[in-house]
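First chain written, first letter: the chains are A, B, C and D, and each begins at residue 1.
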Amino acid sequence: MISSSLGVWNYWVVFLLMMIGLFLVIGRKNLLKKIVGLTIFQTSVFLLYITFGKIQGGTAPILNNINDTIYSNPLPHVLILTAIVVGVATTALGLSLVLRINSEYGSIEEDDISAQDLVDYHELIETNKNVSAKFKK
Amino acid sequence: MISLETYILITILSPLIVFLVTPLLSRNPNLRDLLGPLGGVISSYGAIEIMNAVLEGKIPKLDVLDIADGIKIGFEVTPLGAIFGLVASVLWIFAAIYSVGYMRGNQEKNQTRFYTFYAMAVHAALCIAYSGDLLTLFIFYEVLTFSTYPLVAHKQNELAQKAGRLYMSILVGSSVIFLLPAIICVWVLTGSLDMSKNGVLEGNLNPEYAPYLLAMFAFGIGKAALIPIHKWLPAAMVAPTPVSALLHAVAVVKAGVFTMLLILTNVFGIDFLSKTGASTWLIWLASFTLLITSIIAIYKDDIKARLAYSTISQLSYITLGGALASAMATQGAVLHIVTHAAGKITLFFVAGAIYVGAKMSKISELNGHGKSMPLIFLAFFIGSLSIIGVPPMAGSWSKFFLMLGAAESGHLFVLVVFSISTILNAYYLMEIPARAFFLKKDRDIKVKMPTLITIPIICTCFLTIILFFAMEPFQKLTSIMVN
Amino acid sequence: MDKNPILRIATKILFAPIILFGLYVQFHGDFGPGGGFQAGVIFASAFILYAIVFGLEKGKELFPLNINLFLLALGGILYGGVGIASMLLGEEFLSYNVLGTSNQAGQHIGILLVEFGVGLTVSNVMIALFYAFADFKRSGETK
Amino acid sequence: MTDIIIKNLPILVVICPLMMSLIVVLIPYNFLSWVITLSTTFITFIFSLLLYQEVYLHTSISYALGNWAPPLGIEYVIDKVSIVPIIIISLISFITTIFSSKIMPAEINSSSISKVYSLWLLAIAGLIGLVTTGDAFNLFVFLEISSLASVALVAMGGQKDKQGLVAAYNYLVLGAVGATLYVIGVGLLYGITGTLNLADLSKRIAEINDNKALIAGFGFMIIGIMVKAAVFPLHIWLPRAYAYAPSAVSVLLAATATKASLYILARILFSVFDISDTLIINTLQYVILPLSILAMFAGTIMAIFEKDIKRLLAHSSIAQIGYITLAFAIGTKASVAAGFIHLFNHALIKGALFMAITSMSFYINKRITINNLSGLGREMPITFVCFVICSLSLAGIPLTAGFISKLYIIKASISADGIWIAMLILASSALSVVYLWKMIEALWFHEGPKNLLIKENSLVYIPLLIITFLNIYFGLDASLVVNSSFEASEQLLGARK
């Protein structure tokens, strides 16, 4: 049992990274740490795909005129290349948003931000209150 | 020779045209106010022709719009529809004349809007009357609700707003939550939205479920004002009196009981109901509503509120008549639509006239003022007699048939209910002319009664008497309906 | 930082080889590991290094923002253009076969152009990201 | 030339906005970039109409990208199912682009307008691509293209109101988590079946029985898509993202963004997996059905207590998404068709409502709350009338498009012996009248500020009129929508049963 579980240790790594990443995204209140968690989460998926694609003893899938060479599956690698690009774009966008949020709110802690938002929201509702609730004569 | 389709169009479209043209004439009040009665006359002409055609056994039909597969808007006139259409269009003439007098006499604001939606409500009522399938019925049922909202909330103060909200939430809520699924249930069960003369559910619906489906219909038709959902009717009393007259005598409540009767006869079918006994619970509920609201009416001091509760109780007569599921009772119920409409509209007109002419709205204020407005109170007296069911007023016919029907169906306790309620009717309605004529005046009041108010009152008052003698065509129509 | 001679000189020496290496990875992508993505990043690293060492202003002088944006879009347009060209020649989108005289030549031309487009876009996106973040700090401070 | 266009239509609807977005970003003149965007969306709309015609000639079109035959190559599939969301997206994006011409400069710095339009086209391309592609991984790419572009667009709202940034951030993080979950699911399925082509995937899945990785993969995919489609309780990104995006963007996103994901949800549930499989039946019955019902009520109740109108409409969107997923969850042909009908009609309704509200906020240059709605209806009658009509449509009042969809959903649920579901649907739509009425009452009956001197702008109200007209038209003559939706559900479920 244990040996068979350990035999797929790379899946355990994937699993561990995935949970760490997801925990950071959900559990942390700091916006920057969330982005870090997101990146870890995505990285775990990259590893998952590459694990699928890797065949033990296989080489890079380039024709080499030797018969019955074992190739690794190239498709997951290609997919992951795309996923990495997407991941970079996400991270970049996230970081730039964090920067903007920091300069607007002066904080990147979720609690501070939602407190400020709440104040703004109530101001918005209250400032216009005097106009309402009067019926047209 | 004008074809029957054209008559349907004439009847339905004339209020719609009034609805469309009225806003354009807001600068010219005289012309604008002429439109209503004119439309009423044209519309009633069409309605009379349709009724003649139905009497000859023809079925006028008109398909308007094909929305999607199996969903269409179309009209097909049943005998019941012909009667309701005639009632709605003829009474619109008088109501339109009356509302001119009332609105001017009271110097109300936003008159153009008022007339616009007034015409729209009549249009919706006529479309309900002539609707050929359940969906058309439902659609115009909703249109009627929405078009009367601006009328109910006409005064635009907090009270009117609140009443309007209650009115809308009960009527729209009940119809959307119960009526629509009930209609769709019928659609699913029978495969179409059509109705037929002897009902469509027999053989398609397990009789065990029939009472539940009937309950969905009964509580879905909020306009019929059965007891847990009757609250909207007294609330809507904040509206100007012509609206109350329209709501309680012509369009809204009559559309409600009309729909109820149509569902009972043309969807369930009298035979199916009497065989399965699915409507027995409805008989009890209607009887209960009838007695309770009559008792509540006694305690109301506001004339309009008293009339409102009286209306609820009279509507239950009609529902009861349908629920008894016998031919005679159904005939009585249909006739009661006609006679109650004529009688109740007179009463409401009078209530409005008293308000306009003497600025009084409480019954306790009326002591001794009968002599200053003799004609008005006489009309009220005659109208009340009709509602109570004293010959030679029209109301006596329908009550007669209803009682026969009750006997025929074997529910004898209903006869008791009818007689108790008649006594209660007499008590709470007769109090008004009695106070006015026989009690001593406690203060002097200057009365100024516009002619435009007096004329329609006299007309409808005569109508209640004429109908007693001219009941034959209606009775014939109802017998076509039940056979 | 421009007072630190080691960095300055090292950057000046490294700049050209980095670009050269980028070009190698770019064009060798047909025959071995490599291609537009990798090359683009390597390419961008040269300019980013320059901007880090000599300052953002100097970096922007060397590689202005509008050129950056233009090349960024151009790369994508090149990629799509190849696809549209193959479409106009009567084949499906991105069918390289019709681009050359033979299928193989067509494949060659097609993949070369597409990878070049990818390389352009990736390198310019990288540079644009660097500019954006670096610039942001500055504007934040001046506030 | 026509041949080439007809032959390549499936890819043209995607690359037309995609390529133009690259060109628009280079245009320095704001007006010109708007004109290009407008013409691009118009051409895309024409292409999608042509596609509609083609699809009904050939039942389904398969387009092999780069001439690599599926299942190895990437395949673009247009069938009677996917054409429905394509038409929705291209139609709405065209109308909203007209609408944006005046609204956009009021909220966005003029230096970034061409960038906004570039992202705008990119988002549209992503959404259409999402729907067209027949490849599971390509789907992920388009999912991310559309959501990253939408996030950037939402973040543009930060120029006016800083909450836009937080909204965009939440949208980004949740969207990325959703997309990653989806990719995990795709990876697991790829590991089992060795294919990424959706059609091929469904064939191979049918051959496998009782595989735990399959169930896990299915779960990941569905959850990922449900995040994107804002199915309750994974909706929390939606209200803020819609509320604080620039006005025109709110309209675009509200009308289209979740629709594409909902389509993908239906595709995975019914076409990739087998509806008769217990896994799917259980998912529909014990997961999606209860969640949809919760969504209907939670969304509506939140909307009733909400004061900020854009947020209110966003909450109502959650309830409406609940109706659509509910229709899917019932799982009969009629109910799925009803879901598609509501997909289309809700796009029209919500688009119009957001348009009306944003034009009001444009005229008075303030954020709209329930309090400063007072009396605005009298100041801008055209906008008000459109707003009322579309509110009625949302509440499902007869003779509007909303009635048709509600009618079919209810009919489908009653046919499937779920009369209690029908009652719940109707109860929640009756509740929705409460918040709609609150707004209408404030607009018309409350006394508002005097001397606003608003002159309604034709470029702002014409798109609103168009979309309101469509709301009425599809309420009066629904046969086109109804038939297309039934064909779609027939194709989606027909092969199975």
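As a working rule, a contact is a pair of C-beta atoms (placed from the backbone, for glycine too) under 8 Å apart; a residue touches a chain by one contact, two chains touch by 3 or more.
Bear in mind that the values here come from a model prediction, so they are computed numbers and not experimental data.
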Most widely separated chain from chain C, with each centre as the mean of CA atoms: B
Most contacted chain pair (by C-beta pair count): A-D
For chain B paired with chain D, centre-to-centre distance based on mean C-alpha positions, whole Å: 45
Chain B-chain C separation of Cα centroids, rounded to whole Å: 80
CA centroid of chain C to CA centroid of chain D, Å: 35
Mean-CA-position distance for chain B and chain A (Å): 65
Interface hub residues of chain B, defined as touching at least two other chains: 156, 161
Multi-chain contact sites of chain D, meaning residues that touch two or more partners: 445
Touching residues on chain D, where the partner in the complex is chain B: 396-399, 404, 407, 410-411, 414-415, 419, 422-423, 426-427, 429-430, 433-434, 437, 441, 445, 475-479, 481-483
Chain D - residues contacting chain C, complex: 4, 8, 11, 15, 18-19, 22-23, 25-26, 63-67
Interface residues, chain D side, partner chain A - complex: 137, 140-141, 144, 148, 151-152, 155, 158, 162-163, 165-166, 168-169, 172-173, 176-177, 179-180, 183-184, 187, 190-191, 196, 307-308, 366-367, 369-375, 442, 445-449
Chain D-touching residues of chain A, taken from the complex the two chains share: 18, 22, 25, 31, 34-35, 38, 41-42, 45, 48-49, 52, 75-76, 79, 82-83, 86, 89-90, 93-94, 97-98, 100-101, 104-105, 113, 117, 120-121, 124-125, 128-129, 131-137
Of all residues in chain C, those that touch chain A in their complex: 32-33, 37, 122, 129, 132-133, 136, 140, 143
